[in-house]
Amino acid sequence: MDPVIKTEEISKWYHPGRRDEVRAVDDISLEIFENQTAVLYGPSGSGKTTLLGLIGTIDRPTAGRLVLYGRDVTLFSDLELSRIRRETIGIVFQSFHLFSGMSAWENVSHPLIPTGAGVRERFERAAALLDRLGLGDRLHHAPEELSGGQQQRVAIARALVNAPKILIADEPTSNIDEDSVRTLLDLLGELKNDGITVIVSSHDPVFRTYGDVLFNLNRGKLEGIHYPKLQGEKEGT
Amino acid sequence: MKHPVRLTRASQMALASLVLLVTITGAAIALDMLVWKGQRAQEIRTFQKAVGGLGMGAIATPLWQFINYDRRVLSVDDSITWPVPGGYSYGPDRTGAVSYFEEKPDPQWTLCRP
Amino acid sequence: MKHKNILFAALGDLMRHGLRSWVAILCLAAILFPIVTALGISEGLRFQAEIAVREGADLYVSEDLCGGSGPISLAHLNRLKSLAGVSRGAARVVGRTYFVDRLVAVVGLDEKSLLAMKPLVRGEVPRLRGEVLVGEGIVKAFGVKPGPGMRFTLSANNRKVFVPTGTLVPSCLWGSEILIMSFEDANEFFRMKDRASHYLVYKVPGSSSPPLEALEVETESGLLRVADRQGLERNLEAGYSRQGGIFVVLFVIGAALTIPALVVTSGFGLREMNRETGILKATGWSTRDLIEKALVQNIMICLAAVSLSILLSMGWIKGLHGAGIAQFYVAEIGLFPNVEVPSRYLPSHALLCLAFSLALTLSGSFLSTWKKTRISPSELMR
């Protein structure tokens, strides 16, 4: 079975060749298969968010390749990448990045605007998702009126509104309380059951034993691959 | 769960306001054009026919040699100013030279009120 | 449907960033206001001037005086009247005088022309020597109203008495600061015995006969100066052309002010705008969608600004008589004009201002939006 996501010696350097050069991601090769829940695990500054951004196509690599569903997307045009972000990938950002002044349902349905969906269809799809996530009574509330956990669920709903095959979540537990963490983990499990490939980046120990595959990152390099549900470790290269 | 959809009502109102503003502007322009074509134009025609044509330039009084007031009255002037707008708004005595001689009023009429 | 969605999304963004949107609209309206006003006044004056030329005589004949036009001897009149192709001839005196301290025009007309003024007169048309019509501007400035006891005398000769018999209904700019009297009175006033400022010649309409050959002979010999209607129309067109002068200044100033205004207004919440652009890109909006949204926003801002500037200009010029600003467009009209400032607004003015404002706003914000779309979403969201 071919991986849905494959990075080949992918790197992201800032200010290459200069004295202040930073190798945020350095020569990482990994594979993620369909319907897996993958965790990018490591301390702060290990390159998790950067690698997640590269996989999510919201950042361009300095070197290496990214292959999604067998297609090398590294050299894709801006238009093609937009389509991928719209149709294939949903991203939940660490700080949620919701639009203030817009209601929850408007935030969730915003990615549907360029698809041509009418306002009623957009509302209904957003409402269905928010209802599933326990926010059925918060449709018309702005993010400023919601708790951290509720904002996160709005961000998740937005990431899911276009029915992506891949969901990416950056540090999903960093801005929420313990009860919301449990809710989040249950939700991620449900999404896996729905057939979605989930990729999470975190330094939260709760993810050490979570998911199908755990990629240990440190200082931009892949130090190990661990399968929490299987016995043993496999050394990463 | 079924909620009434407040379908971007604020946006619809804003768009309606913009359309209304543009419509009012268009109506004001249309009304102005209509007014100028009707009675106003007739009054101007009556005056001009009676006086034999008086006035051409953007100046309210016959200052600076008439050239910019009405070149039919004085056809020659050695300034290079245009009758405004489109050119300078002031006569040759005010076109940026280092001297300017202001015309002093020389009252020629006396009012005798009842 | 996608474009309708983007339209409402653009509108929603303008509303969410209300302060920034209003600042941009008001800045643009303030910049467009003097341009719209200049166009309106120019068109109003041109309209009046075109009538002044069209309804005037076909030819204006004067004598040559030191290379300029001088009064024409009445001895020419009978001969000119009898030339082939002439349907009517009339002598006219046009001069200027200081009425108290106010410079006004003095026009002396024959009886037929004076009677033709009747529809515009509040009071009576002058019929006797010493009777005069007064323009509205003089009435307002000096409280002069026709009636028993009201009279004017000449400072140089207080035995010469003029009695105002009527007031001219305001019709055009040049009918305000004016005294209209009989030809003989004007002749006497300017001490021009047996002369007229010029002779008005009206040709037979549709006449195909070569008109005024004798006149042409005398013109070539330099004795007479002739201004014909076609030449005046060309002159008028050139004089009201927009190729230079105040319009260039206004457009240049407008551009010079708009660009920093846009830089400042686009700087309001620039980081927030970059973040939002990054979010949209990260959630599947393409560069084309973002540029379309920016374009729609700019169009809406420009439409609002142009409309506001036109309505403000109309209200100020027509309602307040252009107080404070008309003097920059019409010379000698004063800070608080007591005459109606001619102004005429056309759809072409609105379109010109819309095109100008779009060119300015798009060159600023459009370019910055396009540049942002070339940056990766993650960098924009930082």
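Each chain carries a letter (A, B and C) given by its place in the written order, and its residues are counted from 1.
Keep in mind that, in the parts below, contacts are C-beta pairs under 8 Å (C-beta built on N, C-alpha and C of every residue); 3 or more make two chains touch, one makes a residue touch a chain.
Remember, predicted model here, so these are calculated numbers, not experimental data.
The most distant chain from chain C is A, comparing centres defined as mean Cα coordinates. Chains B-C form the pair joined by the most contacting C-beta pairs. Per-chain CA centroids place chain A at a distance of 64 Å from chain B. Look at where the CA atoms of chain B average out and do the same for chain C: the two points lie 3 Å apart. Residues of chain A in contact with two or more other chains: 106, 119.
In chain C, the residues that reach two or more other chains under the touch definition are 8, 12. Counting partners per residue, chain B has 8 as the residues that reach two or more other chains.
Interface residues of chain C, counted against chain A in their complex, comprise 1-2, 5-6, 8-9, 12, 16, 275-276, 278-289, 373-374, 376-379, 381. Contact residues on chain B toward chain C in their complex (touch as defined above): 8, 10-12, 14-15, 18, 21-22, 24-26, 28-29, 32-33, 36, 40-41, 43-63, 66, 68-76, 82-91, 103, 105-114.
Of all residues in chain A, those touching chain C in their complex are 53, 56, 58-60, 78-79, 82-83, 85-87, 91, 93, 97, 99-102, 106, 110-111, 113-119, 158-159, 162.
In the complex of the two chains, the chain C residues touching chain B come out as 7-8, 11-12, 14-15, 38, 41-42, 44-45, 47-49, 51-57, 60, 62, 67-69, 90, 92, 94, 96-105, 107, 109, 113-114, 116-117, 119-120, 137, 142, 144, 147-156, 158, 162, 168-169, 171-178, 180, 197-198, 200, 225, 227, 232, 235-236, 238-247, 300, 303-304, 306-308, 310-311, 314, 328-334, 337, 339, 344-347, 350.
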